[in-house]
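See the structures that follow.
Two complexes, one shared chain (chain A), two partners (chain B, chain C).
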Partner chain A sequence: MWYLKMHAILALCGMTGVLLVTRFWPRNKRILMLLFNLCFLLVFSVKLLAFYLVYTILNYIGYVCLCRTETSRRLAFAGLIVLNVAAVASARIYGMTFSVQLVFTLGLIYNVLKVIDALYFAYYFGKEGRSGLIDYANYILFIPTFTSGPILKFRDFMADARQPYRMTPELFEANVKRIILGLFKKVVLVPPMWDVFYKVLKQPELHTHESLFLMIWFYILIYFDFSGYSDIAIGFGRMMGYTVPENFKRPFLSPTLTQYWRNWHATLGDWFRDHLFMLVSRRTPTRSMAAGLSVLIMVSIGLWHGFTPLYLGWGIYHGILLALENILQKTTVNKRKVSKAYFYFRVALVQLAVVAAVIVYSENNETVLRIYRGLLSLPSFSFLRVV
Partner chain B sequence: MNLLQFLRRNGFVLLLLAGFLLVNAAVAAWNPMQYSRRFDKDDFTKTLYHHNWVRSGPVFFGNSAVTAAYMEDKAQVPLVEMGLSYGKITDLKEILDRSLYHVSGQLVIGIDVHTMLDSLPTDDKYPWLKPWYQPYLYYYRAYFRDSGKEFLSNLFLHGTLAYQPHWIDKELYFGRKDTNWLNAKWNEYDQRFGWMTLKDFRQNLDALAWVLDYARQHNLPVRVIWMPWNSGYKHPPYIPALKEKVNGMLAAQNIPVLDLMDRYAPQYFHDLVHLNREEGAPLFTKEVDAWLQSFAKSPK
Partner chain C sequence: MAPVVRKIAEIIVYFLMLLLVILCFTGKGVFIYEGF
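Entry: the complex of A and B
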């Protein structure tokens, strides 16, 4: 969200400069990063900083207790997760005041996933998995991915934190190019695409072709918007010495929905899959178990996006499709082992399935229903009568 | 790593930086914000435009109340009408300090109820507001973005590079606002500014002191006019203290003052602060003319 503000971009560039200049100090990456994260939030909003200070410290205490405790570990683990999820869910269910809305708009639904990932680490690794407050705070408050991911993995972040800050010219150049690409998508492509979207949506009545156009256009639009943000986050994150995982891995070339959800918002899908699978079974699941878990994962992802019937429906829709892929053993297609025609046929099927429901991301019930209603309204082709 | 190796390995980033700095310098030198009709202009630039880019002369400075009230083309003692939208005394100080305009002959300052409000938001296109360290392209990025959108729209939707020049005239005020509108406006002003005290005018009071000092050093006669306020509504609460303070500063330097704040009936106003062009402005211009002419006739 703040990548559209030049001051934020300049602050991140400035911080990169500071890290480069202080790279001979072994702890620069950890301590200066924490100072930067805190100052950035302070300048952005005192309320936001205050909330996240309390949130981070409370969760760190929970994390440390879970690392240390030897009795009732499962209860503590479950309790801490339930508390975090309940807090986020309650605010969603009971509505938001402006102050709470600010917090939600700014990262909490992403940061709660990071907190839970840290708790998993604490539960499975115990004392061996314990990290210091500075690194924990950097993990939660990491500015490049604060508002919209990609979702960082606790283990990978801690491993990066232990490495000294290293930057080569080639890496620097690659990251600068990545940031430019992201800014191009977000600043140059996305705004006019929104203009076109709203122009077509403003029609007094939508017909099949207009609704189809809007659904496809919206799909491409949110790809540029979200992947653009991810590009900037990855570029800056890596310039600050932390490996930010890829979030979009050519999703338009995914031949199955299972593979699609590993390539579109990959870190989110991976997070839910890893954490829910881990709870249920650490052995390879049976087909029916995998099918059931798919429905559970997609419904969870849907509700994570929003506590609305539309997102619930979206989750069930994708869950059922994934479940069918699991039951029919159609979860993967190896491009090298099938014909090109078959491969692209499967790709087209997947994209069709995604386009059918992607408009839900517009988060406006009226827009979504208008567009679906328009699908069923064939144009009159009155211009043909003139001919 | 020697210098050549450093340059080779960091070539892309260094070229990118150099390219940006060069393009920025070139665009800043062209200064399209001032000279190109593709961009909206601030009132200072509009003043220069309408005076053939001449940067010297006698000036009547103030905010939009001056633009509304003073009819330069009808004046017997013509002054360059330099009313700036949301203009403040701090803006006048910057204009003089940066030699953006050489005021000669005389300087008339019109002060209304808003001219000295430190916190009043202003037009960020005024050239003195751009920090020196901010690149031209960065500071005016919103305007370049809008102009770029317009350019692309003309090119792709109408197939032409031609464009509609942006409006270059200052806003004038015709007719009269109705009572409901005026009441709502008064309440809005009261809410936003009514609680203010002299400390909220500190920067502009300091700027006024600077301007008076500048005028004294350059032998520039200064006159001050308290601009008209719609007499159908009571003054903002800070006016008595502000007038006392400002009048005290002016009296200390023998600056002549014409107080027109309560002189005009509501019929001459478009709203609370702007005289209407049909009736109020001609009357105001005539009165200012007579007053300024009295200095020419006076032996002192």
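Entry: the complex of A and C
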């Protein structure tokens, strides 16, 4: 995590301190936040600051034009979205061969989602939805969630921006605990878990039990890693006076895949569901339409993670499972209306389906394929081995 | 009495977690999603 360095954490704590002692000038929150966001980027990299200044200003111009324009609104809306998606997609393809990782490692694929959310707001609310440059820049450059979310909603962020900075002892305590918990996961738990992962992966040949272990271990690891990061981001974000949404809502207890994707990396799933659905239709979807949308959403999420056949396959796999749940009308299970045994059976099924594909998130295609090949490598099944 | 005991236990647990964080802090946290 790029800002998981002592000086960065101290800077975030310092910013919280500054906000806490300026309670007698409560409306300064926005200006202080902007100065902090810009200084933080400047300390990290001058090029990064320059890139994000241009990126934010250009997108703000597009946003304001969309708020104001009376004619060809739909065309302007679609054009701005296509421009943003095309820029990120082409840079991403370009970045696979050349080194433009700096911008990507620092959150462009997350920030483009925020830019698009602001465009939706501008399109549907017009002049009433317009916000000032300071708030818009804070929304895009908000340091606690800058690299990897949780993805903030434009409407919620702007509502918070209008509120003066407030902090109660209860909120302060909850946020400090949240930050400590996140740091504990990221700093204490995750590094030794990686060591174990690589130790097993180093075996010259993987067998079924080792591959299974790696897949389950990686699933737990990625949970601690990402939820730990989210805890830190949520804690600091809320300390700075903005409501940062939850990213993980007890995903291990989801009885259907539909519910699972509302609980695991929830802000990403919500973003794609809301925006793609609004793009296609604003009416209640039929079963077949919901199934088709599920495939479209999961394939989009897969490709958003990376332009590789594995991510495409991951998206199709989850999309088909979600589509089946929609068609069979098995998208939810009410815990109160079913037996405990049935509920936990469904929970186990969902976890099995997720574990089967979660390894795709690991570092490279070769590792993923090696682990999958290892699954078929029991002595009794050796005739089934692919390689 | 119970809430007080719970609070003290909570403080001890979080303090220990923070202590471990400080002891293990290397500043080289590798974040899996950064490569995306």
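Following the convention adopted for this analysis, the second predicted complex is superposed on the first by the 372 of 387 C-alpha atoms of A that agree within 3 Å, B and C clash if a C-alpha of one lies under 4 Å from a C-alpha of the other, contacts with A are read in each partner's own complex, and residues count from 1 in each chain.
Basically, a residue touches a chain if its C-beta (ideal position, glycine included) is under 8 Å from a C-beta of that chain, and two chains touch if they have at least 3 such contacts.
Computed from a prediction, not measured in an experiment: that's the story for all the values here.
Visitor: Scan A:178 for contacts with chain B and chain C and give back first, second, both or neither.
Guide: A:178: touches no partner chain.
Visitor: Between chain C and chain B, which one touches more residues of chain A when both complexes sit on the common chain A?
Guide: Tallying touched residues of chain A, the top partner is C.
Visitor: With both complexes overlaid on chain A, does A:170 touch chain B (first), chain C (second), both or neither?
Guide: In the superposition, A:170 touches chain B alone.
Visitor: Which partner does A:305 reach: the first (chain B), the second (chain C), both, or neither?
Guide: In the superposition, A:305 contacts chain C only.
Visitor: Do chain B and chain C touch any of the same residues on chain A, and if so, which?
Guide: 6, 177, 191
Visitor: Applying the document's contact rule, which stretches of chain C touch chain A when the two form their complex?
Guide: Per the stated touch rule, the residues are 14, 17-18, 20-21, 24-27, 29-36.
Visitor: So in the complex, which bits of chain A are touching chain B?
Guide: Listed in rising order, the residues are 6, 169-170, 172-173, 176-177, 191-192.
Visitor: Enumerate the contact residues on chain A facing chain C in the complex.
Guide: 1-2, 4-6, 104-105, 109, 147-148, 177, 180-181, 183-184, 186-188, 190-191, 194, 222, 225-226, 229, 305-306, 361, 363
Visitor: Considering only the defined contacts, which chain B positions touch chain A in the complex?
Guide: 6, 9-10, 12-13, 16, 138, 141, 149, 152
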